[in-house]
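The same chain A turns up in both complexes below, where it pairs with chain B and then with chain C.
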Partner chain A sequence: MPSQMNRGLAALCCLLVATGAARADHLYVSNEKDNTVTVVDAASLAIVKTVPVGARPRGLLLANDHKSIYVCTSDADHIEELDLATLTVTRTLQSGPDPETFALSPDGKTLYVSNEDDNEVSIVDVASGRISGEIPTGVEPEGMVVSPDGKTIVNTSETTSMAHFIDAASHKMIASVLVGSRPRFAAFTKDGSQVWVSSEVGGNVSIVDAASHKVVHTIAFAIPGVPAETVQAVGINLSPDGKLAFIALGPANRVAVVDTATFAVKKYLLVGQRVWHMDFSFDGKTLYTANGVSNDMSVIDVGDLKVTKSVPVGHLPWGVVYGP
Partner chain B sequence: MPGRALRIVLSLTTALLLAAPLAPMARADDQAQTASPEAAAHVPLVYLALAVKRSFPQSYLDQPPDDEGVAGANVALADNNTTGHFTGQDFTLDIVTAGDEAGAMAAFADRLGKGARNFVTDVPAPLLLKLADLPEARTATLIDAADSDDMLRAEGCRRNVLHVLPSRAMRADSLMQYLVVKNWRRIMLLSGQTEADKLYAEAMRRAAKKFQIKIVADKAWTFNPAEQRADTGHFEVNTEVANITQGVDYDLLVVADEEDNFGDELGYRATLARPVAGTQGLVPTAWTRVYDETGATQLQNRFLRAAHRWMTERDYGAWMAVRAFGEAAIRTHSSDPAVIGAYLRSPKFELAAFKGERLSFRAWDGQLRQPVLLADPRSLVSISPQPGFLHEFFETDTLGVDQPESTCHLK
Partner chain C sequence: MRHALVTIAALSLATAARAAPPPADPDWPCQQRLVPHLAFANYWSGPAPASGADWHDNQSVATLAEAVSARDVTPEEGVAKLDAFVHGLPSTERATILPLLFTALVAQTNEQRDAVIARLKELAVRQRALAKRIEDDEAAMQANPADTTGPAADDRAAIAARHDLLVRSYHDIGETIRYACQVPSDLDARLGAYARALTGALGTE
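Coming up: the complex of A and B.
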């Protein structure tokens, strides 16, 4: 019965697209254990479709033309492109072994993929879907981000505990900055002046000055009644206006809200269990989190700083991306 | 597990297939080491092991590998050097395997004489104390990668010695916490005849008392292991196990058999249908090949590729010890053994060892605080500390001997 309903809804949504009717925005959640991507209607928060993808889907990115999303299917050792009009996987791209997270160049033409098992970052040409180069990095590369001007790539390596700054044109390592233990995620500020790096085992966030490659500040987290060991910083999302940073704290089941000017923690928002990654709606008014243990997605009202809803998705949700 | 092994093989194959036809492959070979423009600083480590002849294991399925321990140290060395490449530090590992105690003492004195101060040791407790007590070793740091002896964390503790594997007390507490959660309150304890078995059983008795688990029978296993090897030996074992477990009602049979002489032959043979835990069955351990949480898959894969076999707990101990030196040298950006040694013992030190939290050394006895896995041969059952066992500072300090109870007085 539910699958029939899903099919019905999917058919309906395709029909709407086919007839050119306006389609509401959607959330796409990668379910690490189910090998699926759950598609959720952003307005009604109803599940529209559960799309089967390759083994162990984790990192997700929206293509620049908003027509597809890229999915790191880690155990399938490639990237899949999920077409948003038909909600089907239309092609696969090379990625190198065990792709976990990736970043897209501002022009949308190049993907930088961290190969967790291989101590390398793979450079993937989006048009051809082929690897055009590899950059050796630290042990267990994880976080990937490209600077807003597209000139610098930052990769974090978990066992090496560094943020590696790489020149996008020459693929040369410019600097390697020691941060907290097991760095998982990196985010550039909008002006490109800082890189925020979360450390899962260190339980903190290092603010790295992008010009001097120095750690200028370290944000620590202390939540009353929550054991310090469970505070494990993972996903980072900076609000579109640049004033707030949202930091997912893993098994502490909280998202920290940080004032980007003072680095002070304003609030801890209680979300689902083991919160991994997040994404903003296009208007920046809503933030969505993928919660790995409670198998749901939390919805945060950014204006009120309140968690408004929880939406059950698949098993071990890892990444979430907002798209059309 | 066959699935995982297959996956690894497949991913390797895919990597090769992908890599082969790709040209031109842009590779940034000469990487700028902006973190440290000066010449690479050398951090020498010595791995000192005593080749121990083990008594024959009950199961011939799991023969100890020849490179056990060393293989883990080598993977950690490679990890240190990848990071060292960026910090301008170069780690080396001088691997010494001595055939006897005298040989180990001589090799240790020789390396001390040549200025070595960072040692990873895989030697029995009495020899470890002899090494640590040499006057020249006072300025050295010995990270014990193999011993679980509680004595080494108590009256036998030394200022220049740190321990990375969980003590017997920590293992026993991990199991007892789980029994509390399961409400399995009555155990039968069956211990072997070796000195190690007696110490393991004693740790279980202390832990049972601490967590109010009742030992309803406490018996010694005296059956001659050689008899098991005879044809029809299983009849004798069945009779023996049925006899020794007769007339006792308990929830769990806890076995102390560190050398694997009989523990695997208790299940299904006891009078009552009860599970086995301890050194066999459900085992409290720092590492097992079935563990793949919090990124452990990466280390399992990395080790498998390097050593062509699964990582054992002894390999993991050696990996942690070499990584601990690496972490201290990299964080302090120093090759001075005094600086490295002080940092290892400082509250700033944190080791990421795939346990989902930072691990650090207890200041009072040099033990690395850590969660302990509870696993049977084919699956991870639980990880202690169990939820609800709270501690003022570290929940992992609910496992083993906490500061107020410690009889270690570091001089």
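Coming up: the complex of A and C.
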């Protein structure tokens, strides 16, 4: 779920690490029911540790310095910082009530957190761990993303089915764009020209032009034999080269692979059950999915577009992030 | 009494806060979105069953599907039985029998889920009726002050006693719903485990 900017920094970090001692990367999976984060060795896919965290962990983000991850512990009403060297929670940050999804500014200094219960986005200063401001937004804010240049925040509102564009400097709402029903997640393209918004009830993805704030295309999904009501679009990850988009389709148990140039669905990959969110390895060759019903993480070979492995994790896995 | 009123108010608020979005089916009480029926294609990446094949006609398949689809069978127990069945099956028959078996498993699991979903909807209807009766009693008590005397005081005491019972029932049903809401999802998870076991045996995973 890290931003494209983070991905760039990740690649740089990876390169730097490669010049020094070999260091294994890891996957971090939030288990909503167990109140834990499962740490998986990326090479062996063995579980290294299960870290206890606050109640109902969901959204995860890798810090820009790659030394920690931030965890939205929704029912604890705060964000926890998990130190990757010691694999322990070292501090908590304010978040506003019921944090579920959040986004990190490209400079890594600010977290934007959607607070579903009070219709606001909380602005959290990472250094102090305190809320520095609140932005009133649509009803039941959900998806959060920051543009690659850090100037625009996009927040989706579940109830009004809108994507709200907010100026990051003034905190003023620039535009509200009607998208599919119950928008859950938003992602900017690497060049910042488009925002992709998934709609859980609509079962589709709206492509919004970031300059004109118009929906320029809607991607629908139809899987032979799979009931339409089980096609619930949630997580979106754009490949590091920008050519492919991977859309998690919830209880359809599929990840759709979309050509970003034509918006055509190239393939549906059968993964674990109720796939929520995903993340790429630093090199972009592997995609990992958190599957909330089958309690596992699917591993996808991005080159071959094949699911290669299922890794059991905790109960109700929701988010996954790739890190050192 | 004040405690009971506060409790029921808090319960209603908590329910409202968590019940997002408004469900398509007003009688579905669970936070999890309702998936009315599970379909073969949601799980299966292997070969399709032969055209016209009916699992009811294969006694061993029908018996096994029923045995592993009961509510109290754990995924591990069920997978062990499936593995044993696969082990005893000539490899040349797997590509035809295993898709047929999975068709049976989907049907049997849907049968189990349908019963749970129907029960949950019944509970939701009862819960709504209870909430209405509790609200009516609370309105009656507010209209009849606590320091009232005479026959009105007796009426108020009777309403208060009934209100306490209704609140208790509301809480009990709420707990039952909370527990039962997980069951369709657990059955879904078990069916997925069966699909992985069978497709694994086919070598198509």
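Going forward, the second predicted complex is superposed on the first by the 302 of 324 C-alpha atoms of A that agree within 3 Å, B and C clash if a C-alpha of one lies under 4 Å from a C-alpha of the other, contacts with A are read in each partner's own complex, and residues count from 1 in each chain.
In the analysis below, a contact is a pair of C-beta atoms (placed from the backbone, for glycine too) under 8 Å apart; a residue touches a chain by one contact, two chains touch by 3 or more.
Treat the numbers as computed from the prediction; the structure is a model and nothing was measured.
Once the complexes are laid over each other on chain A, chain B and chain C cannot both fit and instead clash. In the superposition on chain A, A:Val293 makes contact with chain C only, not with chain B. Contact with both chain B and chain C is seen for A:Asp117 once the two complexes are overlaid on the shared chain. When both complexes are overlaid on chain A, the residue A:Ser310 reaches chain C alone and has no touch with chain B.
In the superposed pair of complexes, A:His26 makes contact with neither chain B nor chain C.
Within the superposed three-chain model, A:Arg182 lies in touch with chain B and with chain C [touch as defined at top].
Touch criterion met: A:Val201 reaches chain B and chain C at once.
Once the two complexes are overlaid on the shared chain, A:Glu229 sits against chain B and chain C alike. Set against each other, chain B and chain C touch different numbers of residues in chain A, with B touching more. In the superposition on chain A, contact of A:Thr159 is made with both chain B and chain C. Contacts of A:Leu270 after superposition on the shared chain: chain C is touched, whereas chain B is not. The clash between chain B and chain C in the overlaid arrangement falls on one stretch of those listed (24-32, 42-50 or 60-68), that is 60-68. On chain A, the patch touched by chain B and the patch touched by chain C overlap at residues 116-117, 140, 158-159, 182, 201, 227, 229-230, 232, 251.
Within the complex, the chain B residues that touch chain A are 7, 10-12, 14-15, 18, 22, 25-35, 79, 82-83, 86-87, 295, 298, 301-302, 330-331, 350-352, 356-358, 394-396. Those residues of chain C lying in contact with chain A across their complex are 17, 20-21, 33, 35-37, 39-43, 45, 185, 188-189, 192-193, 196, 205.
For chain A in complex with chain B, the residues that touch the partner chain are 75, 77, 94, 96-98, 116-119, 123, 130-136, 138-140, 157-162, 164, 166, 170-178, 181-182, 201-203, 213, 227, 229-230, 232, 251.
Listing the residues of chain A that touch chain C in their complex gives 116-117, 140, 158-159, 182, 200-201, 223-227, 229-230, 232, 251-253, 270, 272-274, 293-295, 307, 310.
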